[in-house]
Amino acid sequence: MGIKLSSSNYGKSRVRLVRITRGEEAHHLKDISVDIQVEGDFEEVHTHGDNRKVLPTDTMKNTVYALAAQRPVGEIEEFGVVLANYFLEHNPQVRNVRISMRERLWARIPVQGQPHPWAFVAARPERRTAMISATRAGQSTQAGIDDLLVLKSHESAFEGYIKDQYTTLPETRDRIFATVVKANWNYSRRDVPFSRTWEGIRGVLLESFAEHFSESVQQTLYVMAGAVLDAYGEVEAIRLSMPNKHHLPFDLEPLGLENRNEVFVPTDEPHGLIEAVVRRD
Amino acid sequence: MGIKLSSSNYGKSRVRLVRITRGEEAHHLKDISVDIQVEGDFEEVHTHGDNRKVLPTDTMKNTVYALAAQRPVGEIEEFGVVLANYFLEHNPQVRNVRISMRERLWARIPVQGQPHPWAFVAARPERRTAMISATRAGQSTQAGIDDLLVLKSHESAFEGYIKDQYTTLPETRDRIFATVVKANWNYSRRDVPFSRTWEGIRGVLLESFAEHFSESVQQTLYVMAGAVLDAYGEVEAIRLSMPNKHHLPFDLEPLGLENRNEVFVPTDEPHGLIEAVVRRD
Amino acid sequence: MGIKLSSSNYGKSRVRLVRITRGEEAHHLKDISVDIQVEGDFEEVHTHGDNRKVLPTDTMKNTVYALAAQRPVGEIEEFGVVLANYFLEHNPQVRNVRISMRERLWARIPVQGQPHPWAFVAARPERRTAMISATRAGQSTQAGIDDLLVLKSHESAFEGYIKDQYTTLPETRDRIFATVVKANWNYSRRDVPFSRTWEGIRGVLLESFAEHFSESVQQTLYVMAGAVLDAYGEVEAIRLSMPNKHHLPFDLEPLGLENRNEVFVPTDEPHGLIEAVVRRD
Amino acid sequence: MGIKLSSSNYGKSRVRLVRITRGEEAHHLKDISVDIQVEGDFEEVHTHGDNRKVLPTDTMKNTVYALAAQRPVGEIEEFGVVLANYFLEHNPQVRNVRISMRERLWARIPVQGQPHPWAFVAARPERRTAMISATRAGQSTQAGIDDLLVLKSHESAFEGYIKDQYTTLPETRDRIFATVVKANWNYSRRDVPFSRTWEGIRGVLLESFAEHFSESVQQTLYVMAGAVLDAYGEVEAIRLSMPNKHHLPFDLEPLGLENRNEVFVPTDEPHGLIEAVVRRD
């Protein structure tokens, strides 16, 4: 009985790129980290140490910088397609390519009320993401957001759940609800105004989180996903991953004081983790 | 056109447990972090905020401690099964459970050459891992290792690969090969002496890495996987994920010096990432 | 020849507090992490295991929550003084107290253009900090900012420096200058409008970074410090710590391309680190 | 009223070096990260942007690799002196230099019971450290250890401390004591067998932690420091920093179970932090 290669993939991770485009009036700054992964006809590489079909990951890295040098990077959803196409076109042994990107978002520094043309400050804790999956038969474009930390101090309840021998959690109509939203969504077409849509979806996620009376993280997740699908017809499906960043009311009773739902201990571990994919029917 | 829940899962992550078993001669220490995820009949939770089928993640956490209190934890592969079975048995609405565990490994502090009965020092940078996936129809047990950092300063080459317009990497017969091995393997049966087998597989991974002349990360990964499958008949398949922690020869020429393959800059980013699953044929 | 305790300090670190103040129109949210350190008459604790003068760090933690329960937290510079005074008043054995705080800054989620009364989003990557050092003779108040990431793509030079046998860095009149500012400053008086001043100083740091033509990180640091001292008479001295987050021009020449100062590799290590204290003369 | 530079320092941080020495029988591997900081006559750099006295941090980095190329690195305490002397000798404008180093410790991979000549595995979670502070008048050598995680499940008590209105911590004669030791010590002379002494001091720290009945972290810290000073006459003073990594007994009572001091929740925050310097009298 022998062994065989069941699946394999390889590539370069964390290729960091800052691309400055020096316009006449102002500079433009893109700050991204790129991960590349390919699959294909690489069996002999593994089984015989035959490197003839290996595009080195070092060359993948160089290619990111070379393509970024020949044109402005544009939207990450577009740059990802440029990269994926390049690798497919030049490497017949590659069957599919996945390009994942994380973008840090910068704002212009305001100087006397005016945005400065070439000085920037990191603007937001969250990251904009995109992932392109491509084969010769076609490609899919996924956009996303990561590390979007939100909290509501009202209109969040949790009750009516199962009680068993190990239940200690009290029911509540008014708890803190905090989470770090990670969202990914698929576009059904390519001609999307990516930046504007991304900002719009971010806004919808925030608004629906704020406005919704939450009976559970699960319900809120579904409402947020639904709001995005309602507002943006070009979104086919959306995946949300929402850790429950518990804020425990501090027990003041032993100190002779009362906690009027005001004093909380935020914790990182353990944490709930709620995930779902919601799509058009 | 409506929307629908396409898939969902939820649970508790990073439930940290230290379990001391106080034997007559010595204490025994287990130090683990547990992640629990379940899938099942949770559609109404999402769509209607109806929590009647929700086992709170807080109760999942309590259950970990309750079960750890009633018997010694034993091997993580065993404790994971105890947990998975508990959740399936008590929750008809749950279809499948996944229990993931990371264990920190401790050694007894040597005092005058003798291992101390109740004083410990963290022994190794790597982690032991396990994952149990269970449904009512059956379960699979996966064991693993994470963060196993290895380096060889000889018998690693990389040449004969594709050269294109963006190639700059020079071929070499003698480079540093460093990687942080992440491995996961499936057992075909349950009556495995888990600790002994885990230590054995760790040893086989290390030995095969050391002894093998590497033509590429891909080839070495395959050889390491094959060595495990050869040595341990109870392993059905093994997945290895091996980032290439590049060690770049520092360019001493501009300093008027020669680098005789002795002076290197270790880097964390960018890094190659090579992954594969190897299984019995 | 004996041994002696030369110095000692102890306390509690990372006491995380979220304090909600539920106003009629809107909720107010403070999210801080507190570190407490005390020094004093603790020799016997160390040398004899005599705990009679030990205020447990667990009680220090409780005290943070107890004091936060009895009044709104207010500015961190004020809450730090409340804490420091409490520990000094109740613990004659304590000679000095140091309270360090980090505050995460939140913004109200905008809903249809209006700030929501009780839903928040993490607003900025940087942190607001404060440190109170207090003895029975008096106290000093330090405010600060941490993790303020800025970048300018123009008007930064570095030339005219020492060249020796190990120099390879080319001189330049136009490099990227990126840094993560950490600043701490002392107030000469207590009746400062802390939030407004903090925002003002942040603005002055950003503006002076943006507007200044930089001949070196050192010079820019000094200009930024000077701008703060100029604008805010209540600031006695300011300390700036500015790592040089190098953005290396990617060498496109071997790829047959030209880098017109547009394509950069941002790096985390190694990094320059420039620090100074600037004060009134 | 003007402003003035009160103090300043600059240098390069996180210069990572792997140095392979290829002996006939075996390779030797040093894996270190170096931080360099200098102070001196740099006022004009700050105040006038005059770079004539600036040794660029890029050149500092090159110097690390250049000196590592010209001889085996040896002990970090020795390599630090080589670096410090180089910078002082070649830079009259520099008044003092501080070289800080962290070393990752590797072990040879055992192959059939024999240590492999050129294949290594990361051996320990802790780091070996050293710091050289040098002026033209002299220098001091500090060695150290960092991230040494230890735990004892017996012979640790905490009682007899202050009780006040905010006390909730119960007294105990048997708690878990876990800490991550950070230690630094000064050598009174230069001709110390650095590696052997470092291993010896590590052993003394571990043994005294294990054997000592602890009445408090403070007392144990003092005993550990004293044991090092007793055993190693060349150590003048030692600084220990010991966070109390609390292991909270999980409250099983509401679950209808008893915690017989067996089930614990290890926590990272908040944590106690106990620090002291102990020296010869």
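Letters are used for the chains, namely A, B, C and D, taken in the order the chains are written, and counting of residues starts over at 1 for each.
Definition applied: a contact is a pair of C-beta atoms (placed from the backbone, for glycine too) under 8 Å apart; a residue touches a chain by one contact, two chains touch by 3 or more.
Since the model is a prediction, treat every value here as computed from it, not as a measurement.
**Student:** Touching both chain B and chain D: give me those chains, sorted by label.
**Tutor:** Intersection of chain B and chain D contact lists gives A, C.
**Student:** Of the pairs given as C-D, A-D or B-D, which one copies A-C, with over half of its contacts the same by residue number?
**Tutor:** Most of the contact pairs in A-C are shared with B-D.
**Student:** Please decide if copies chain A and chain D contact each other with the same set of residue positions, more than half shared, or with different positions, and reply same or different.
**Tutor:** Counting which numbers both chains contribute, over half are shared, so the two copies meet through the same residues.
**Student:** Averaging each chain's C-alpha atoms to get its centre, pick out the one most distant from chain D.
**Tutor:** A
**Student:** Distance between chain A and chain B based on Cα centroids, please, to the nearest Å.
**Tutor:** 24
**Student:** Measure off the straight-line distance from the CA centroid of chain B to the CA centroid of chain C, and report it in whole Å.
**Tutor:** Those two chain centres are 37 Å apart.
**Student:** Quick check on chain D: which residues sit in contact with 2+ other chains?
**Tutor:** 16, 62, 66, 165-166, 168, 255, 268-269
**Student:** Quick one: in the complex, what on chain B touches chain D?
**Tutor:** It is residues 16-22, 27, 29, 31, 62, 65-66, 68-70, 106, 109-112, 116-126, 148-155, 176, 203, 206-207, 209-211, 247, 250, 252, 255, 257-259, 261-267 of chain B that touch chain D.
**Student:** Residues of chain A touching chain B in their complex?
**Tutor:** 1-16, 35, 37, 42, 45-59, 61-63, 66, 90-91, 158-162, 164-169, 214-219, 221-222, 225-226, 229-230, 237, 243-244, 268-281
**Student:** Flag every residue of chain C that touches chain B in the complex, lowest number first.
**Tutor:** 165-166, 168, 254-256, 268-269
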